[in-house]
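First the structure, then my questions, so here it is.
Here the chain labels run A, B, C, D and E in written order, and each chain numbers its own residues starting at 1.
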Amino acid sequence: MTPSLPAQHPLALRLASALSLILLWQWGAWQAQSNLLPTPSAVLDLAWGELVHGPLLEHLGATLRRVVLAFCIAMLVGGTLGGLMGRLKTLDAILDPWLVLLLNIPALVIIILAFVWFGLNETTAVIAIALNKIPNVMIILREGARTLDPDFREMAQSFRLGWRKTLLYVTLPQLLPYIAVAARSGLALIWKIVLVVELLGRNDGIGFMLHTYFQLFDVTGILAYSLSFILVMLGIEYALLQPLERLANRWRR
Amino acid sequence: MTPSLPAQHPLALRLASALSLILLWQWGAWQAQSNLLPTPSAVLDLAWGELVHGPLLEHLGATLRRVVLAFCIAMLVGGTLGGLMGRLKTLDAILDPWLVLLLNIPALVIIILAFVWFGLNETTAVIAIALNKIPNVMIILREGARTLDPDFREMAQSFRLGWRKTLLYVTLPQLLPYIAVAARSGLALIWKIVLVVELLGRNDGIGFMLHTYFQLFDVTGILAYSLSFILVMLGIEYALLQPLERLANRWRR
Amino acid sequence: MSSEPLTQCPPLVEVEIARKCFADPESHRPRIVLEDLGFALRAAEVVAVVGPSGCGKTTLLQLIAGLDRDFEGRVAWADTRSEQPPRLGYVFQNPRLLPWLTLRKNIELVLNERAHPRRQVDDLLALTGLSGFAELHANRLSVGMQRRAALARAFAVQPQLLLMDEPFVSLDAPTAQQLRRLLIQIWDRTRPTILFVTHDLREATMLADRILCLSSNPARLIAEIPVGIPRTERLNETATERRHTEIRSRFERLYA
Amino acid sequence: MSSEPLTQCPPLVEVEIARKCFADPESHRPRIVLEDLGFALRAAEVVAVVGPSGCGKTTLLQLIAGLDRDFEGRVAWADTRSEQPPRLGYVFQNPRLLPWLTLRKNIELVLNERAHPRRQVDDLLALTGLSGFAELHANRLSVGMQRRAALARAFAVQPQLLLMDEPFVSLDAPTAQQLRRLLIQIWDRTRPTILFVTHDLREATMLADRILCLSSNPARLIAEIPVGIPRTERLNETATERRHTEIRSRFERLYA
Amino acid sequence: PSTPTLADGTLRLAVLKFGTLSWEADVIRHNGFDRAEGFSLEPSAFAGPQATLVALMGGNADIAVTDWIWVSRQRDAGRPYSFVPYSTAIGALMVPGGSDIGSLADLAGHRIGVAGGPLDKNWLLLRALARQRSGLDLANQVEPVYGAPPLLNAQIQQDRLDAVITHWPYAARLSAIGYRPLMDAREAMSELGIQAEVPMIGYVFNEDWAKSHRETTDGFFRAVARAKSRLAESDAEWERLRPLMRAKDEATFIALREGYRAGIPKGWGAEERVAAERLFEILRATGGSALVGHSERLAPGTFWDGTPD
């Protein structure tokens, strides 16, 4: 009786919602009439200018490279460790204090210590970023691994699926929502940490530019550089994460 | 045939692991022979001195208050919105662009804008912190709400459990792993953002002190203050989160 | 027991399903599961549904319970004029107990809080042979015990309409027979309307007033067999056995 | 078929369970489920397990399959001297299909990749009446269809030991009968050892060489009934029906 | 790990991207003062003052700029950094043009922004002065709001603060839009009895490094001196620097230029060093061990004397 929504409907809603966001911003900027809240067009202008004539692309590239590298390392290392901790009580007990420590060490402390000990180079930067994200992935996937259905494990065991098939077809599909959470919140977290890293010890990247503009208190510049990266993240979200997730969730009723 | 591990075993392992962490640190400090890596005892000494004679307790209290307030706000608001988005496709489509934006706005930008628009006061600080955490809670609980078992929903519906019972006994238990993830990663994230907020515009709190010691490059001070808060978090983890989680997971086979 | 002719009882619900489809996720063409299916249930009537495996019996129960509203047709409730059925007890094909609650809490959950459920739940657990397991989490029960618990839960709400999807499978013969007797007792006391799915013709003969026979692919109503054993004779094995043999031969011709 | 006396076949596995307990989560006292249970399975033997609901049949199968090693006693495999059973097909009491895979993929999953599974899977799907549903996700199948799929999956691995937990429940009589015949054919071809749980004495009579009767609370072996119908007579209904009546009366005395 | 390395004849200078040091570095490079001295200057830009120090300590820069209190503290901790004057300018107490705050005493009860935090030198000097004048601690009389300098500049422009105590480039930007300096940190010093112009911030580097790279170090300071005098005299040079300065308008541009010129150290003799010792005492008395560490006096060797061992 309730007709199911056509597939286009959400897209239209999505666009309308994004548009309303921009309109709200424009309206707010008009109301404020202050350069502490520039209009979207001013920000886009600056971003465009920096893109075509300025160094935006280069900084964006630097940040993106760090984000992607650190993301891959953190997902692999954190995911494996976290998954194992969820299954093996002994490993969990051993690694748990380290995990809580690492999870709650301020990013600032890790970054400073890494830079002071290992020098200001790209490898240190990427590792420092990954180190900040790894405990986060670990707790997410540990929780996920704890919810694995023993019924399916027993099935895999009695049919002797072997570890590869079990991982691929039995375990990972159950962990998928947790992996999605880790990936999405992970990208966001890493990108925030990259900013700190670039503030403290890099000569390029969006974070470097953001803080430079902060020294000048140029809100337009801050927003232009933030926005350029947010747009990249939007692209990743809508072009990669969401289609993948839809595909992976197709089976759900 | 495999005897199950006695309950004390993990505790002993945990303690041994924590101890080994401290020993490793001590060993590293001896090796480095540099006050860029002070010994644990130096750090504890300073922390104890600051606790008894100094302002540590006061700063700890200020930070803790902000963390707890922002945490509660973020879990309530983010959890409710995220849970609804997971169930209602229309709401999801409407809020999704806002969510992606909010998730990826750098903490710095939110904090600067909040301070600039609403002034350097406590309410602004707490709201700015919560705003940084809310999108994170939202994506976690949205993912959780998507995995809710339709079988149980139908059961609740046909026995007319009403929304209160359904929420309490059917929905929340299924969301529990996601809530645990949101809580644990949330505390860690909030505490990291608090540091930035306190660094940029507060007169007290651990972040404020960290920043001061950072200006002087006093690693012992930085570690003493970080550690004091990490100990609080360890306390929350072991005295509150883990027992609660064990209780809630007792039913699992 | 009921001595009035059943046809004179007021109708409780009229089911008219023109078509119920599921979207085939691969081809995106709809697959028709139920088609042209119409019947009515009268108050206090006990009706069995039989049909080949996978024909659409569970789907039919879901539509009647209002759990799935995405179909062409209507389910009209005589009394309330709403789309909601009256107080419903549903024994699903899988037990659907909440594994994080104990057996007792699973049953108490569906009860009205102001009633004093403890006694009532204890009685039901005793009647379904689960007395010693009340404090066990539901996922620690054997499958048969879970099915009995699901029956106890459905009985606990004192339903006006009881939907049961293969309620007595996975149980040993004596236990199943005992629970069938319990069902008859409960019917005797509160006179709910009962619609149940079964693959066991003997069970259908023993419990039902009418048997609805569904065809397969898509499911239509191909026969409606009145059982015609007076309620008092239900527990008389020879009477039901004789009728069962008749019905079975009819049945074998139907699905030949 | 098998004309050699069954007692001369080599033993495949010896099961000796001194005690199997589950910890009661509330009282923390262990609850004994299986006690003093010993029997052997010979190669190519078909054995049925019957017992009241919740007595421990599923638990017994789990122990034999090596899924639960937390018990006192031993399960000794004659051939391999390992704790692992030989190639195993297991029909669980719940189908345990992976809902995120299609029906076809669920079956292909358990096959060796180097075999060419497509034809084989198609054949099995046809034999279990699931041909049209190969591309449907497993959670979109009806419960009966899922059970048939679980049977097909267990048959697909060409098991040396086939464990089946109530394999033919939730199926309509013709389908169930057809699948029992399929089982007999498969036994005829590859001669697996089969241990299956059932509540249906007629089914046990038709398929098994021996019937193990378990008591309840804790489960012990209270009787071992040889069926004694030659394999060739299995499909002869009058022969099995006669023997069934005998066994049933024995059975009723046992569990009185 | 903190042994700096010097590639052949290059000197790595940690600068803030739009900071005063990067102007100076640009003058040196543009005019070839570095090549004339036989080295090549490589400024690397960082996003915050702390980052330049991280770079110095992490061995990724040879020279950064900070104050001598930091140097003294590091020396006490066993890290042999040393200091050569860069600027005498530190900061000022700024109030809105129409403010009724006329003196330190009027500050009581007001909301005062303090750039950098409670250990900021400008703030400590003003506190010391207020204590000397009235015996009262400013910290208890006003409502200090510690924050990042740019944020405080924005806050006072929104009338959320009544005054700010901030570093000189930020003070210059404020004075260009009509704010007036109520008290310069230098005035405070002289009222506290320090007559000589004490340079507050300077080039900081590892002593061991400097000793092993005498040529380059000396060359660098000669180049710096030439750049400073060029900037002191030539307005044209400043025109060239304009894009680097990010001045919003002409007034800001001029305020920055004059601020820089005023800060060029005039001399670095015995008198200044004694004055610095004296200043250390004052700051220690106000800021306590949190600022200066546990040492009683300025660590020996804090100031680079340039003499070989």
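Please note the rule applied: a contact is a pair of C-beta atoms (placed from the backbone, for glycine too) under 8 Å apart; a residue touches a chain by one contact, two chains touch by 3 or more.
The chain lineup, named per UniProt: A, B = ABC-type transporter, integral membrane subunit; C, D = Taurine-transporting ATPase.
What you see is a predicted model, and the numbers here were worked out from it, not measured in a lab.
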{"item": "Steps in the shortest chain-to-chain touch route ending at chain E and beginning at chain D", "value": "2"}
{"item": "Common touching chains of chain D and chain B", "value": "A, C"}
{"item": "Most distant chain from chain C, judged by the mean position of its C-alpha atoms", "value": "E"}
{"item": "Pair with more cross-chain C-beta pairs in contact, given B-C and A-E", "value": "A-E"}
{"item": "Between chain E and chain A, distance of the C-alpha-averaged centres to the nearest whole Å", "value": "38"}
{"item": "Whole-Å gap separating chain A and chain C, where each centre is the average of the chain's CA atoms", "value": "50"}
{"item": "CA centroid of chain B to CA centroid of chain E, Å", "value": "38"}
{"item": "Centre-to-centre distance between chain D and chain C (centres being mean Cα positions), rounded to whole Å", "value": "28"}
{"item": "Residues of chain A engaged with two or more neighbouring chains", "value": "36, 112, 116-117, 207, 210-211, 214, 250, 253"}
{"item": "Junction residues of chain E - those touching two or more other chains", "value": "2, 50, 57, 148, 151, 154, 158"}
{"item": "Residue numbers of chain C (touch at least two other chains)", "value": "25, 94, 137, 140"}
{"item": "Contacting residues of chain B [partner chain A, same complex]", "value": "5, 9-11, 13-14, 16-18, 21, 36-37, 89-90, 92-98, 100-101, 103-109, 112-113, 116-117, 135-136, 139-140, 143-144, 146-147, 150, 177-178, 180-181, 184-185, 187-189, 191-192, 195, 207, 210, 214, 219, 222-223, 226, 229-230, 233-234, 237, 249, 252-253"}
{"item": "Contact set on chain B toward chain C in their complex", "value": "151-152, 154-155, 157-161, 165, 169-170, 173, 248, 250-251, 253"}
{"item": "Of chain D, residues touching chain A in the complex", "value": "62, 65-67, 87-90, 92, 94, 96, 98-101, 105, 109-110, 137, 139-140, 153, 157, 163"}
{"item": "Residues of chain C touching chain D in the complex", "value": "22, 24-26, 50-54, 56, 58, 93-94, 129, 135-137, 140-145, 148, 166, 169-176, 199, 201, 255"}
{"item": "Chain E partner contacts - residues on chain B that touch it in the complex", "value": "34-36, 112, 115-116, 119-120, 199-203, 208, 211-212, 214-218"}
